[in-house]
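Letters A, B, C and D name the chains as they come in the text, with residue numbers starting at 1 for each one.
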Amino acid sequence: MKSHGARLEAWALMSPALALLGTISAVPMLYVVWLSLGQRAMFRPPGFAGLDHYLRIATDERFWNALGNTLYFAAFSVALELALGLGIALLLQRAGRARALVYGAVLVPWAIPSVVSARMWEWMYHPEIGVLSYLLGQPVNWLGEPRLALHAAIAMDVWKSTPFVALLLLAGLQAIPRDLARAAAVDGAGAWTVFRRITLPLLAPVILVAAVFRTIDALRVFDAIYVLTGGGPANSTETLSIYAYRVLFQMLDFGYGSALAVVMLAITGIAALAYARLLRAQTG
Amino acid sequence: MAAIAFERIGKRFGRAVVADALSLEVADGEFFVFLGPSGCGKSTLLHIVAGIEPPDAGTLRIGGVDMRGVPPQRRDVAMVFQSYALYPHLDVSGNLAFPLRNRGLAGAALGAEVQRVAVALGLDELLEKRPGELSGGQRQRVALGRALIRRPVAFLMDEPLSNLDASLRLEIREEIKRVHQAHRVTTVYVTHDQEEAMALADRIAVLRAGRIVQCDAPEALYARPADSFVARFVGTPPMNLLPATALARHAAITAHLSGRDPATITVGLRPHDVQARIAGDGSSLQARIVLLEPAGGFSWVIAELDGARIKARLADGAHLAPGVSAELTFAADAAYFFDAASGRRLE
Amino acid sequence: MSARRHALRVLAGLAAAALGACHGRGSAPGRGALVFRHPKLFGDPQPLDRLIGAFERAHGVSVHRETLPASSDEQHLYYAIHLSAQTREFDLFALDTIWVAEFAEAGWLRDLTSLVAHTDERDLYEAPLASARWRGRRYALPWFLDAGLLFYRSDLLAAHGLAPPLTWNELRHAVRRVRANAPGLHGFVWQGKQYEGLVCNALEFLWSHGGDLGAATHAAAQGLGFMRELVAGRLSPPYVTTLTEEPSRVLFGRGRALFLRNWPYAWNLLAGAGSLVRGRVGVCALPGSAGHASAATLGGWHLGVNAFSRRPALAERLAAHLAGAPAQKALALAYGYSPPRRSLYADPELTAARPFLASLGSLLDAARPRPVSPNYVALSQVLQSEFSAVLCGLRSPETALAAIERARLALEVA
Amino acid sequence: MKRLGTALGLAAVCAWSLAPFAWQLLTSVKPAAELEALPPLLPSALTFAHYQAIFDGHPFARLLLNSFAVSTFATLIALGLGSLAGFALAKLRPPGRSAALAAVVALSMLPPVATVSPLFLIIGAAGLRDTLAGLVLVYSGFALPLAVWLMAQFFRAVPDEIYIAARVDGCSAAGAFARVMLPLAVPGLVATGLLVFVFCWNEFLYALTLASSIDARTVPVGIALFAGIHEVPWGEIAAGSVVATAPLVLLAVAFQRRVLEGLTAGAVKG
């Protein structure tokens, strides 16, 4: 419907959504960039700070620690989620009568709010009376030991987000025409070859979408880790979001905090662009 | 009812040209068919008439009124689609009533109209059924009913039969013809099936790359194709086109060439007009048989003549087998002559 | 099109009604009422309500009381958000001792100097007064007092003929002796998680070794070294890095540890009915070290008046009423929270009802405030992560103290 | 053999997914005394004291109401605006639509912490700080990209001819949207509504910063700040967690197929 009238009508129908999007995400995004160029901390004279905040970030050891934690967290959790998710998806595909039951079970972790899941895991990770230490037979300082804490957070996130990945990959598997696998079988390909030669290549686009989607979520993680460990011990689980939140809302330094937020914006922005381009390639 | 006028209509999608300064007038009550190979943008022409797509250039008039800026819902034009496009969430009576309900008709009057059209199309027992529960033929009848019920000024039909199986296609085709003869509603029909076009159309326009190659009554198209494209496109099986050189030995052909260089001429022969017999001695045109194709009452013969393939009818009583050489005969006036380069027919 | 606009109008109406209902049914105070916000008081709210009832009758105004989310960090955020937006939603509020300088500098607190009569001045402990003063004016009235104390298992010490430890060495020695017969027992539990509580604990280690922020750094390093030694030497369980006030109290309360560092509130729970260690717990000042006195970090709550309050005069009178000696005595009796007034520690009725509280008099007097500065909360972020790094053995005390020093100067914290 | 292997595998997946939640459920009915140590895995007797406590001690009912109100209204607004925009993008196909869609997807990737401080100032300026309305506005804005994207997918699945037929049969674009496209996209609306509701119910950062007072506090913030100053009631936190999760789990399991459609609409159909 390309007539001039239709084009106008289309934008008219989209305008309320664009207006709300503008005020809630676009304007704040630009405003945060503007805030990051200004000096806006408690008890400091406001004024133009130019790139001072960004220079300070470059030398801020706590920033690099938070960035390291975030990237490490994202890489490991996404990798595990994809591997486990693929395994579960292959299993789910062969779920016969029990399909509804299994889907229901798998959806539970996805449905649980991340704050609730953090409290649940905090209780399971309790060193002395936590069930995980009990099962292992000896108290383990899951959240208190810097080397373990981040991995404990990764395990929680893997448990919480694998269902989403599994269901995504399952839909991808189901989109592959069944007779392809049958044809390959007829041509003498074993299960493993069918998987490697047919299923995997055809599933690759969906795996990529799941990977980018999860990476973006993992890069901006806040709730789960803030409630689980608060970023401790010794900032070993402090992610960019948590550090930016602390600077913004505990140190009340809106200038520097916004600069941290802008850096985060840039990182997730790059991942988002990859996702958008990948999507357009897929939709053609 | 209203006449539909295309005045220098231009439309292109990227590189594909749908209409190139296309002008023509569909008379009031006429059953007009756009015929062309699939993918040449015939449907887009219908969308332009319906107001769904604006033309890039030119003017479209319905009943003499310029349709620029007039939205589809105010053009009083009905449309029947190849995929039926019935509303899945409404039952048959809902689908039939939909256009009139949009005009504000309701209650008993609306019920009567729905009953009238349902009975006319044999759908009265199916009124409560959802489109999903109907067969292809029933669905197409409902689509026809939806178009009929509102007594529009024109029908637009976008290859309505191509999703139906062979037997049903003839049945629905007759239905469409009966409806047209009963109501004489101006109809613009689009198809790639030349048999359909010949059976239904008052006039046919053969389209190619956005231009009208020829626009005439079906018989004229068959008898006097404007060029080799129309000649091959209209009529089944398609006309043989052979370089004149292959028929140089045939007396009538050489006479007709009257001195023109045979290489520049293409000769058209309809398979029906050519008979094939066992080659006797001294026969003028001999060709090696490649294939025999039984066609019920008679058989087609595919032979090779001087490197070119030709299809002919097996003369009654003749017995031929592939590999044998046969004699081909045809009446002198059965041949058509085209300019080899442009394809234009030569008188 | 009209159908859609109508739908949106209905939606808007519904939204207003539902949200209105939530708000209406909520705790919206009447037009002229005073609103008093404070942290959750541990125990039965009646005594506090009786005090407020007395004030309401005396001044013919209704007072609306609201409790706030738990931790000090969240409350700080809540007040910072609303006061920076110059809210009028509350008049009187309880604030942590470490916020007074910041809120006063930001102009969010009314100057209450006139409210503090000279008699009060002398009766109040010095530390709480110091933390309520900024630029020579008094912006808050001390309400409750907290200080770090050492709780110990009196039965286990007695069984090994040991007296409560006066120095950290004595404590280490006691732990080894008792643990020889009870290997599963943790030695000393305290608050090691990365939050404000860790700063209180670490400063105590630092001060009790004669060190301080910005001065006597060698002693300060020794103090932090001792803190790390507690974990490395297995005197404290490795997961002390996850403990806050309550988990450490529960651990000690279940008889899983010999010593506990905590605030006075813990006494009620440890000595109360249903406690596993009831009657087997003693409390004393935190140990000092050779030649250096014991040190306790000052905590507790002050009362401040919102600078943008619609009814400041009344709010000030309510503050004076709740922070007055009689009210503090009543609250001490009801909740066991220690009042910041010397005279009450000699009050016969209080010493009879709460003997433990009376014994704290001298200890509380020695409590030391954390640096009083508008930028303390910002500095605290650095303190928390540096102390946590030392505790986890990821950083040496010296490098941590150097980083703290850089931050302290950058933030101009005295 | 393969059947057995699959069955065992599926059982393992179910156990792995449900175990933590089951443990939390168990903790919520365990008597407080038995929570102090772990030799007793299973509770000797079931007690609902913790559930009792969260509704008496903490204003938990109020939190549930707040969360429900915010999530419902934000979902309705996001669905309303999202379906209009989704329809326009999918069927009216204005020029620059793939760029618009890409921008919408990019916006949905924003890290909340990036926009929390400006939103904090904007919502404050609008006088909506510490109100449910403020949260509804922010949540609907933040859920909109997801809603627009999903609704565009669902409208794209409806054949173009049906939309053209409706227009030719006398409907304006909005008429065709209301009378034909919307009824056909009901499964899509349900799927999108569910995903947006779960998205809003789970949100924590904005709720923590924009609405701290009791009037507008939501369940996640309540759960996070649950521990009183002086006690860590693991039983009550478990009860709170169960109650906070129950509505979502029921919704997800009840509308399983729809949720799956919604979840996968983004990735597979592309």
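Here, a contact is a pair of C-beta atoms (placed from the backbone, for glycine too) under 8 Å apart; a residue touches a chain by one contact, two chains touch by 3 or more.
This is a predicted model, so every value here is computed, not measured.
In this assembly, the chain whose C-alpha centre lies farthest from chain D is B.
Two chain pairs, A-C and B-D, are weighed by contacting C-beta pairs, with A-C ahead.
Put simply, the C-alpha centre of chain C and that of chain D have 37 angstrom between them.
A separation of 55 Å divides the Cα centre of chain B from that of chain D. Listed for chain B are residues 51-52, 71, each touching two or more other chains.
Shown for chain D are the residues that touch two or more other chains, namely 36-37, 77, 80, 84, 167, 172, 174, 209, 221, 226.
Residue positions 1-2, 128, 249 of chain A each touch two or more of the other chains.
Looking at the complex, you find that chain D touches chain A at residues 2, 6, 9-10, 13-14, 16-18, 20-21, 23-24, 27, 35-38, 41, 77, 80-82, 84-85, 87-89, 91-95, 97-98, 100, 102, 104-107, 109-119, 121-122, 137-138, 140-142, 144-145, 148, 167, 173-174, 177, 198, 201-202, 204-205, 209, 219-221, 223-224, 226, 234, 237-238, 240-241, 244-245, 248-249, 251-253, 256, 259-260, 263-264, 266-268, 270. Chain C meets chain A in the complex at residues 73, 76-77, 80-81, 84, 102, 105-106, 192-195, 237-242, 251, 256, 374-375, 377-378, 381, 384-385, 388-389, 391-392, 394-395.
Residues 47, 50-52, 71-73, 75, 77-79, 81-83, 85-89, 98-99, 102-103, 146, 150, 156 of chain B are the ones touching chain D in the complex. The touching residues of chain C, counted against chain D in their complex, run 1, 3-4, 7-8, 11, 14-15, 18-19, 22-23, 26-28, 39-40, 42, 66, 68-71, 74, 77-78, 81-82, 85, 89, 244-247, 249-250, 254, 265, 269.
For chain D in complex with chain C, the touching residues are 36-37, 62, 65-66, 69, 73, 76-77, 80, 84, 120, 124, 129-133, 136, 172, 174, 178, 208-209, 212-215, 217, 221, 225-232.
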